[in-house]
Structures are given as C-alpha cells and as structure tokens.
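Next, two complexes with chain A in common: one pairs it with chain B, the other with chain C.
On to the complex of A and B.
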C-alpha cells in the first residue's frame, strides 16, 4: 500500500489512455488488406492511398478552411471580450463571463439543434455559413478562457509608461499591448483551430449534404468497416491535432527563453 | 462626452461582438426552439404554428423516451464513477510527484487533443472480432473462436471513460496541487497515519476538484450520441441519439426541439445546482 501502488495505478491509467492510440498508429503501417491483426508487414501503402483519395483530400481542405476561419473570427471576438473583462471594471463582470462561456455549459447536441433550427427558420439552410457560425460559437468560450488566463499576467504599467511618453491609445495597443499579448492570442487561435478541426457532434447536424469534414468523413467510413485507410487517416489526424499544439508550445517556450535573456 | 463616460463605454464596445454572437447564435435560438416545441409537424412535412402540447406529452409520458433517459443517466453515472476511481489516484500521483509535473501533465493532455472520433473508433481495433485483444487471446490459446466484445453497453461506457478521463484527472489535479503539503505533514506529526491524514485532510480539500471533474464527465457523457453510434449496439441508444433521430432522420423538428430542451433541463439543472453550491470558478480553473 502507498506510493508504489499509486504509481503503478497511474502507469496503468496512462497505458489505458495511450494503448488504443498506439494501436491505430501501429495498424496504419500494416501491409495487410484488412485493418486487423496479425500484422503482415510494414508498409506506407495506406498513406499513399490516402493521398490519392479525392474524398478525403476534399474533407481535409474543408476542415482546414473551416478551422482557419473559425480561429480567426473566434480569436478576434474572444480577445476583444477578454480585454474588456481583464482591463476594465465592468459592472456585472461575473454574469457576463458566465454568459460568454454558456455555449460550453449547454450540451453540444442542444446547441446544435437550436442553431440549426433557428437559422433554418431565417432561411439560412445547411451551408458553410451555418457550419462556421456553429464552430465560432462553440469555440469562443475556450478562446476567452485561455486568453483571459494569460492576459491577467500582462502588467498594466508598461502600457501606462507608453502613454505617458506620448503614445496614443491606438499606438499603445498595437506597439505595446498586442506584442505582449501575442502568445495568448496564438494560444487561443490554436485552441480554436484544434477544437474546430476535431468537432463532430455539432458538425453532423450543421454540415450540408455532400460536404464532409475529416471527422465526419471518418464517421461515414466507419459505417462500412474499419479499414487500414481509416487507421492511416487517424494517424495523420493524431499527428496534426497532437503535433500542432506540441510545436506551438515548443515555439512559445523558445520565444519566452529569448525574451528572458 | 466626458472622459469618464467614454472610459465607461469602452469595455462595452469591446464586449459587444462576443455578446452579440452568443446572444444571436445561442440564446435566441434556444428561445426559438422553446416556441418551436409547441408547433406541430404535420404528415405533409409542414409546420403547423400554434400552441400544441403533443410533442411535450410524447416526450414526457412515452415510456420509450423515459427509459432511454434513465438509461442515459445511468450510463453517465457509471462513467463518472469509473473516471473518479481511475482518475483520482493518477491526479494524486501527478500532484505529489517529485518528477517533472509538466511532462506528466503534457502526456495526459496528448490523448486529450487527439480527435474524439479517432479515440472512439480506436477501440474497434482493440475489442473487435479481429482486434488486438481477440488476436492475443487466440494466440495464447485462451479462446478458440473470437468473441464479440463490441456493440454493447460496457463498450459504450469504456469509450466514454476513455474520452472523459482527462477532464477528471485535470480537475482533481488542479485542486490537489493547490493544497499545502504541510497540512498532511502537520496531521502526521499530530499522530494521524498517512491514510488518516489523506482521508481527513487531503480528500475533503480536493472535493471541489472532484465535483468539477464529475460534473464535466457526467454532463459530457450524458450528452453524447457519437459514442453509442460507433461502439454501441442497436439497443444502446442514449438520449442524444433520440434527438439526432428526430432532427436528422425523421425530420420532426418540433419533437426534436422538445427532446433537446428536455435534455437541457436535466443537465442544466445539474450545472445550476453545482453553481449554487460550488460556483463556476472551480470549473473554470480546470478548463483554463
């Protein structure tokens, strides 16, 4: 009993989290026709087939375009709102914070249904616009949480110094505040992109017929059977969604270190 | 306009785009489906505007819906309990580890970032008829023919636990990490055993984190329809699957509205209850 048991338990928990992911990556290099064990050899053939699959490439383009636009809009809205909440004494700030994070307090299915039916009522049918609106509203709370948390640590006196030296508020924002905020802004944008890129719960409701994002494409492919191609696609997704934040963090650390020197 | 007035207006200008977005894309649509749920979808597929209670009567009194709602809450509760049992010791390990906490947390966040659909479907590779587990048992001679371990309630719960466990660990970690370790040492020096010190000092202080993690696991678990569709059988539909069916398959939007609001009422009540007693701040700590 005691520490060793807790350590063993934790290792098992980590194993539980990683094992299925590791199996996806392993099987994506399987040479066999079926996406199953036993493996019959190492091969890149499924990645090559992936690169030649027009439907999957289209899904990737859709997901990336959607993710970039979502990140741009969400981050803009989120940064402005965070600035107001951190920098000003706003009456009812707690209430406003709760309202702004409401989209993640409501179950995503309910959010998806409400938005779909309301926009349909306004004659905005299932379209890229609906998809984008949904992704923006769903990612906004995450951006606000991330940006707000980092904005708190930026000291106000640097801005006051710039202003007292004659900079206008706009100059101060673009030359002092924004560069200091940049890591927070990038973190928020990256977060929004990743969440948008991964989303399936809302997307299945909002996407127009014939349009697929990568997750809905995988979902559609699962209807048949699990093929090595799905595992290869999974491996690519794992590299993108886990690799991107890792690279982002490494870059942020590098920047921070340079600044520290 | 005075300087003060302009100063007071600035935050509202900054807030207005986000508030407008949330208002127009969340609150107004929620109000709309509340109205919509009293309309009627006729056989021709047109909506009859009015005040009809048919959808609500169906949603609230049909034993089919009631059973699935209860089953959904049961699945979410089991998932949450398993996440707590698996996650608490792991969070404790990370919080009290003398090693590199940042690396341990990062390792935990990695599967968190990996797409939900990928993590869900990855279990087919493990539990499927020709998956890793069957292959291993066949090879070891434990079984002669592969057994089907997928498409039942346990496989749905397994998928949910795998999806939600990081939320639990993260929240418990945040609250354990904020507890002064001297408190345990003090309890020990006053004669408590390590186990007593844990039960009477550390565990109670970490309950807010456990509650936050539990709330997230429960609400996210009870609101899913993808996991039952990928890992469940025909009889494992959860409440959100009914919503999906009504909206996407049957195109009965008024009924779908009523079902959505029912789910919102049940899960929203939990969130409000949590907010009443523990406050949103704890939840935000774990999310941020």
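On to the complex of A and C.
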C-alpha cells in the first residue's frame, strides 16, 4: 500500500516535470498550424520550415560556434586550474578555488549585470568576445568541479612512475594524466557546451546588437506569436542538450569496459 | 648499474626534519634495504634518490655523478611502488614499453625487450591484457618488468610487497631476489618488514626517527644490534639492565641482576667501551625454556613461571616471569608446549647474548 503510493507519487512528479517537454516534442510533429489536441496529422513540415528560416539558422550557427568556443576555452582553463589546485601547492589555493566556483552561487542576473556594468566602467563595448567571456565565466566552475574531482582520484605514483621511466612532466601529462582524466574532461566540455547552448539570461545582457543565439531567437519569436516552428526548434534543442551527454556517457562506458574497469 | 652515494643529506619539511644528516654508500650491484617503522625517513630517503624530493642539504650522486639538479626523468632509474602504479589505460605490453619510447630503441627492439622482460617475470602471455585484469601479484611483476626493461642504473623499490597477501608476499620475495641476482642491478629496497629485509638484503640500513641506527649485513644487524631500537625492531629481544664490570681481551663481563655474571664475546659488544651501566640484549629465540630443574652445558639457568603461551604451530612464544623480571622466549617445539602457570627453567648461553652501552 505504502509503496504503491510512493510509486504513484513518483510518476506524478516525473509527469509534472517531463509532460510539458513531451507536449512540445509531440506538437512539433503536428500538421496543423495551431497547437491543439487532438493533433490533426503527423508532419515534418515545421522542421522543414525551420531549415528554411534564415534567422533561425543564423542563430543556430551562432549558438554552436559560441558553445564550441566556450567549451574549448572553459575546458582548457578548467583543466589547468584543476592541475594547479590539486597537484601543486599554490598559496591561497582554497581562496582561489572558492572564487572560481563562485559564479555558480551568484544569481545569473546579478552576474550578467555586474559584468555589463564593469565593462561599461572600462568603456568597452558589447561584442561577441564579451559574450564568449561571459559564457566562459559561467561554465568554468562546472568544468573545474568535474575535473578536480577526477584528478584527486588519479594516484600521484602513476605520474611518478611515468617520470621515472623517462617522460618529462609535459610528456607525463599528455601520456598519463590527460588520458586518465579524459572522461572528466569530456564531461566538463559537454557541460560547458550545453550550458552555453541553453543560456538565455546572461546572453540577453551580453549579446551585441544583431547577434542572436537560439534561446534569444526563440524568446524574440515568442514575443510576436506562438509558431509551431518554435516547437520544432525546441525539439532540436532537446535532442542536442539531452542527446549529447547521453552519447558521451555511452562512449565513456564503452572505453571503461575495454579497460576492464 | 651504478653505485649510489648520499653525502650529508638532510631533508626538512618546514620545521620538521624528516631525515637528519645522513651519509650512505651503496656499492654497485648491491641489494640494500632501508628498514624502519613508518615515519622513520626511509621512504623520504628513497624519494630523494629518485629525484621526487630535493634534499634540503647534502649531495646525492649516482655512478659518481652529482644528481641533485638532475630531474627524475633524466636519472635512468627503475621505480616500483607499493600500489604497482601501472598505467590503467595502457595494455601490459604498452606499460612495459613505456620507458623504451623515451630511449633510442627501435620498434623491433622494443618488442623483443618487452617480451624478454615479461619472460623474466614469468608472465609472457599477458601482454595484450589491461592491468585491471591481473591479480595484485601479477600487476607487481609487470611493474617490476616495466622498471627493469629500461636497464636502469639503480632499481628503487618502495614497499613493493606490502600490498600483497602473506603467502604471495613470500613467493614474490624469492622471485624479486632471483631477478635482482640475475640482472645484478644496484637495488635500494624500502620496507618496514624485518623478515623481508633479512631475507633479501646484502646490507640493511636500519632507520628510526630520521636517523640511521645501524648499517650492516643482515646477520650482523640481527646478531649484534647497535642500539636498543635495532634489537627490538629486528625480532623480539629482552633488554635487561646490567653493569659492565670487566673487559678482558676477548670478552666483556656483564653483571645482570637476574643471571649473575655473563662473559659476552667482545664481537657481540663492539660499542661497549667502558665499564659501568650497560644493557644486555637477549633474543627471544636464544632463551631456552626447559623443564624445571633441567640444565644445559655452558648455560646459566634461572627458574621462571610461564604467564602466557602464544602457540604458533612450529614455534611457540612464551611470556615469562623470573622474579621481578618479565621475559619473552620463542622456542621451536616438537611436542606439547608448556602450559600457562607452569614452573620452568630458563637457560641462557653467554655467547648468545649481545651487549650495548647504556642510553
């Protein structure tokens, strides 16, 4: 009896969380112009229109470029910061660690406004580089948290063994440390990409005029009308932000199995 | 293959001195063990030889060349760790080949040498496997193969047997010694296990609190401990307060309250140069426990009572009381051990004892 109640409750909670998403996905295949049930037919019409909408395609390219650059920069910085914090004795390491993680704790709006005001103060105009910088600041903590956790579990003596065998510290990093923390590095990069790809609050503040990412484009389109195209776009977004990590995890598991872990 | 020389090295971490001024000569091809309890500085010393730690003072040379400023990856050392430290993302063959990639070795030679090394550690079939698929003992053999395949000048072993099961540890001990004999590489072995040290070493360096207590061949360190610490750390000893009352040409006479006057051979009391307060070192296995009233040729006998019996199969360990003195004895037994509370006679031959100066 008790367990059945809990089961029912769980289903309700999951339903509440995911049904709206499911509705968006479902309606994106609706043949009718109006998002009503029952659906009037199954169609890829809205996806085709999406593919022909120049504004959306531009936003898509911007988002992907922004996401990839954010991921590349955040991951590089995050790996280097984690190495410094875990492997070397840095004065004030705790302080630095806290400051690097802090952007997660500050509400995004506050962070967004703060960065904007700061650049105003410095007389720097909004630009794509600024947008990128904002996204890096915002995604870096996730990379550091994931990579640091992994690095702590990599035994020092494995690196020492590599060096004793003749590998320089740099060779040791690329031959031993990096491959061992690769799952975390990839996870961090995925995090950075999806967070950047999804982000709207900061992006609205930081983007220069004329530049739209997918979320800001959706936001702009919603102001005029609720087009079924938006449902199709939403479906594509869900595929990317949910699908990428799933693929990543599957790959990681495959690699781990091969090593007999 | 090279000799290793430590000259006046000191290692301090902040205000803590891990290794006090120490000098050590390790001759070419020798198997030298750094033995001591945890925190005695043995691993710190090994890590300084490896180049993983810089000595605060002093000089380290390998093969006559000063090594202080040479980074670890240019020292040409083989290093084996307690936890194997194999590369989990590489196959066994890739692990063993790792060091050869940084040396001018051709591909064909790499393959041949990897095979030879795996042959030497008696695991020729596992090259394609990943380390995780091997047992602890097998992993440690691979780690050893990886360390010796580069033909290191010095082989450094940091408690390599400590993570293994007791039975396996003894097999690996023999195996390790066989391999070292075969390739003849200068070896520095760190352990806290006295039986490993005694079984494997040409020379043992006993350390305590960052200081070298004694250096010598296993037999010498065991039979003629230079300090109370060494006497207690290697095997079980009874240390009794005594007085040195006479020194003749070949013996030192100790007056021990329990046993009376014992003439100890000079060779067993090399540090006892003055008459006065001294210590008698009596190994637990040299104290013979026999039936009450029995006697033994050339031995001093006293009466005692057995307090505790610790039965170990082929041997037995007794905790005894003789007057006010508590003693322990480890004797081989062929039938039944004595029982708790039984009255017995203890026999001690003076030539089995050693003597230390007081303090």
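Quick notes on this structure:
Note that in this section the second predicted complex is superposed on the first by the 253 of 261 C-alpha atoms of A that agree within 3 Å, B and C clash if a C-alpha of one lies under 4 Å from a C-alpha of the other, contacts with A are read in each partner's own complex, and residues count from 1 in each chain.
Convention: contacts are C-beta pairs under 8 Å (C-beta built on N, C-alpha and C of every residue); 3 or more make two chains touch, one makes a residue touch a chain.
Small disclaimer: the values here were computed from a predicted structure and weren't measured.
Once the two complexes are laid over each other on the shared chain, residue contacts for A:251 go to neither chain B nor chain C.
For chain A, the partner that touches more of its residues is B, with chain B and chain C as the two candidates.
Once chain A of one complex is fitted onto chain A of the other, the partner contacts of A:158 are limited to chain C, with no touch recorded for chain B.
Applying the stated contact rule after C-alpha superposition, one finds that A:118 touches chain B and leaves chain C untouched. Touch criterion met: A:167 reaches chain C, while chain B stays clear of it.
When the two structures are aligned on the shared chain, A:14 is found in touch with chain B, with no touch to chain C. Shared-chain residue A:83: touches chain B; no touch with chain C. Chain A residues in contact with chain B (one complex) as well as with chain C (other complex) do not exist.
In the complex of the two chains, the chain A residues touching chain B come out as 1-2, 6-7, 9-10, 13-14, 16-21, 23-24, 27, 34-38, 76-78, 80-81, 83-85, 87-88, 90, 96-111, 113-119, 121, 133-134, 136-137, 140, 142, 144-146, 148-149, 194, 197-198, 200-201, 204-205, 214-215, 218-219, 222, 226, 230-231, 234, 237-238, 241-242, 245-246, 249.
Those residues of chain B that touch chain A in the shared complex are 10-12, 14-15, 17-19, 21-22, 25-30, 32-33, 36, 86-87, 89-90, 92-94, 106-111, 113-119, 121-126, 128, 130-132, 135, 162, 165-166, 169, 194-195, 219, 222-226, 230, 240, 243-244, 247-248, 253, 256-257, 260-261, 263-264, 267-268, 271, 280, 284, 287-288. If you check the complex, the residues on chain A that touch chain C are 155, 157-158, 160-169, 171-172, 175-176, 179-180, 258-261. On chain C, the positions that touch chain A within their shared complex are 50, 52, 71-79, 81, 83, 85-89, 98-99, 101-103, 129-130, 132-133, 143, 146-147, 150, 156.
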